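Order of writing sets the labels: A, B, C and D. Residues in every chain begin at 1.
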Amino acid sequence: MEFFTFLYDALHFMVLFGIVGSALLVVKFKDLVSATIALAACSLLVSLEFFILQAPDVAIAEAAVGAGLTTAILIFAIKSTRGREEY
Amino acid sequence: MCKIVTLLPNNTHLNSYTVYAKSAFEIVGVMEAPDMFTFLVTFLGVFVLYLLLVWGSGDADTAYWAIEEVFAGLILSLISAGVARMMLGKAENTKMFLKWPLFIVYVPIFLVYLAKANIDVAYRVITGRINPGIVRIKPGLKTDLGRTVLANSITLTPGTLTVDIDKEKGDLFVHWINVQETKSEEEKVKAVCGSFSDWARRLTE
Amino acid sequence: MSIGHLDVILIGVSLLAFGMLISLLRLFLGPTSPDRVVALDTINTLVVGMMIGLGAFYEQVILIDIAIVYAILSFVTTLFIARYISSRKEKEESQ
Amino acid sequence: MSWDWAMITMVVLVVISMFFMLLGAIGLHRFPDVYTRLHAATKATTFGSIFLAIAVIVYAVFRITDPETLDVNVGSYITLAVHTFIALVALLITNPTGAHAIASAARKAGVVPEQAVIDEYEEVE
């Protein structure tokens, strides 16, 4: 059915749009915690994109590294800074 | 069995082995009764979770579980119960598992309140009518587990969200989306928690 | 037009992707960082729902396992960020 | 076109689920501050995911019991249903705890509730 092919493509494009949008937000935010939150959202959506492409092993690695580990390390790093980007 | 361990010569090499052996004996049968109970509850919980995760691994016509998976689950859950019984902790908390008939009564009541809460949230999202505030309630629960059950329950039930907890007195700070005037303390607890404070007490104490 | 059982789930998952974009807008707007964490938490729940639905759509069981792992990992992430936010003073930012 | 019992049940469940999930997403924009947004986000999305998971479980049960598809692999559909249920339980435990963590962090960071008629937390600080 053509409608469902279209719907599948639309789902795909919405996820891709979300990836690009959240990646732009990472660059835009001056507050470091907000940038970290946007990065977590970005890696979450990348994991979902791998999921839609039916690559479960890559998706599970991306979920573990991107959502769990990277956020924890970045928060530990931000603890020793002033918390805002200044220039 | 403990006698045998202590009769071994006091050699430095053997010493570490005796420590291991002692802890192994403790797990097998020289344990005190509450510890044994905690161990058994943890073991059963982990084993049931493993069996649920590998359900359908066997041949569907004869058995739902492959025999290798059952043995692997048995060994893994023995190991994890031996390690984690100290973490999952006190014997007073695991008494809760003996009250499983109460859970069967509790879950439908909780689901009814969950449905009510969501209809309430839908009404407030659509109309935008809110009257929020943070109130302090004294449910009078003694154990940490009871407070956890109460806090998680009222987060998912109508109009309330746990914000913080007073660790000494056990008071909860609750964000209430539709604050009503109440006269006494019991009336306030009744208005915020409904019957959930009684349920948390019944389930855990 | 003929609708199979799995097409119903596909329609639901597409609507969830739309809701995810709405929540992403709150992540962009939210004046304070707790607002952004709330948006991230909502996106997490929506994505776990999408993973369950898509796992049924592709009829592959291992895809559901990712949903379980992700549900627990996203909780750890939320706790980490909340722990850091509670140790600092929040002020309104306009960006 | 196949309007059997499973189809009707799944349509009803998915419609309810989508209503509450999208309500949670819209509630993020309708409410004024963090706490009220948490109300909408936590409750509505948790409730919606329950119904989505039940829809998937209904589909798996239908595949197992359907007389027309006798050559189906029963084990994989049982696993599908059970794993969906475990994912749902994981969501049900972690969601309110995460919401409580965010609310507590926001209050400690000094975000005051807007339009509040009463705030008994200020006596503590």
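One rule holds for everything that comes next: contacts are C-beta pairs under 8 Å (C-beta built on N, C-alpha and C of every residue); 3 or more make two chains touch, one makes a residue touch a chain.
Everything numeric in this text was worked out from a predicted model, so none of it was measured.
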Roughly how far is chain C from chain D, going centre to centre by Cα mean, in whole Å?
11
From the mean C-alpha coordinate of chain A to that of chain D, what's the distance rounded to whole Å?
21
How far is the middle of chain B from the middle of chain C, if each middle is the mean of its Cα atoms, in Å?
26
So which stretches of chain A touch two or more other chains?
none
At least two partner chains per residue is the criterion; list those residues in chain C.
2, 11, 18, 20, 37, 39, 65, 74, 83, 85, 88
Among line, ring, star, complete and other, which one matches the pattern of chain touches?
line
In contact, pair by pair, are chains A-C, B-D, C-D
Looking at the complex, which residues from chain A come into contact with chain C?
1, 3-4, 7-8, 10-11, 14-15, 17-18, 21-22, 25, 28-31, 33-34, 36-38, 40-41, 44-45, 47-48, 51-52, 54, 56, 59-60, 63-64, 67-68, 71-72, 75, 78-79, 83
Note: in the complex, chain C contacts chain D through residues 2-6, 8-9, 11-12, 15-16, 18-20, 22-23, 25-26, 32, 34-35, 37-39, 41-42, 45-46, 48-49, 52-53, 55-56, 59, 61, 64-65, 67-68, 71-72, 74-75, 78-79, 82-83, 85-90
Taking the touch rule as given, give the residues of chain B at its contact with chain D in the complex, in rising order.
49, 52-53, 55-60, 64, 114-115, 117-118, 121-122, 124-125, 128, 130-136, 151-152, 155-156, 159, 161-164, 166, 173, 175, 177, 179
What does chain C use to touch chain A in their complex?
1-2, 7, 10-11, 13-14, 17-18, 20-21, 24, 27-28, 33, 36-37, 39-40, 43-44, 47, 50-51, 54, 58, 60, 62-63, 65-66, 69-70, 73-74, 76-77, 80-81, 83-85, 88, 93, 95
Would you pull the chain D residues touching chain B in the complex into a rising list?
19-20, 23, 26-27, 30-32, 35-36, 38-40, 42-44, 46-47, 73-79, 82-83, 86, 93, 95-97, 99-100, 103-104, 107-108, 113-121, 124
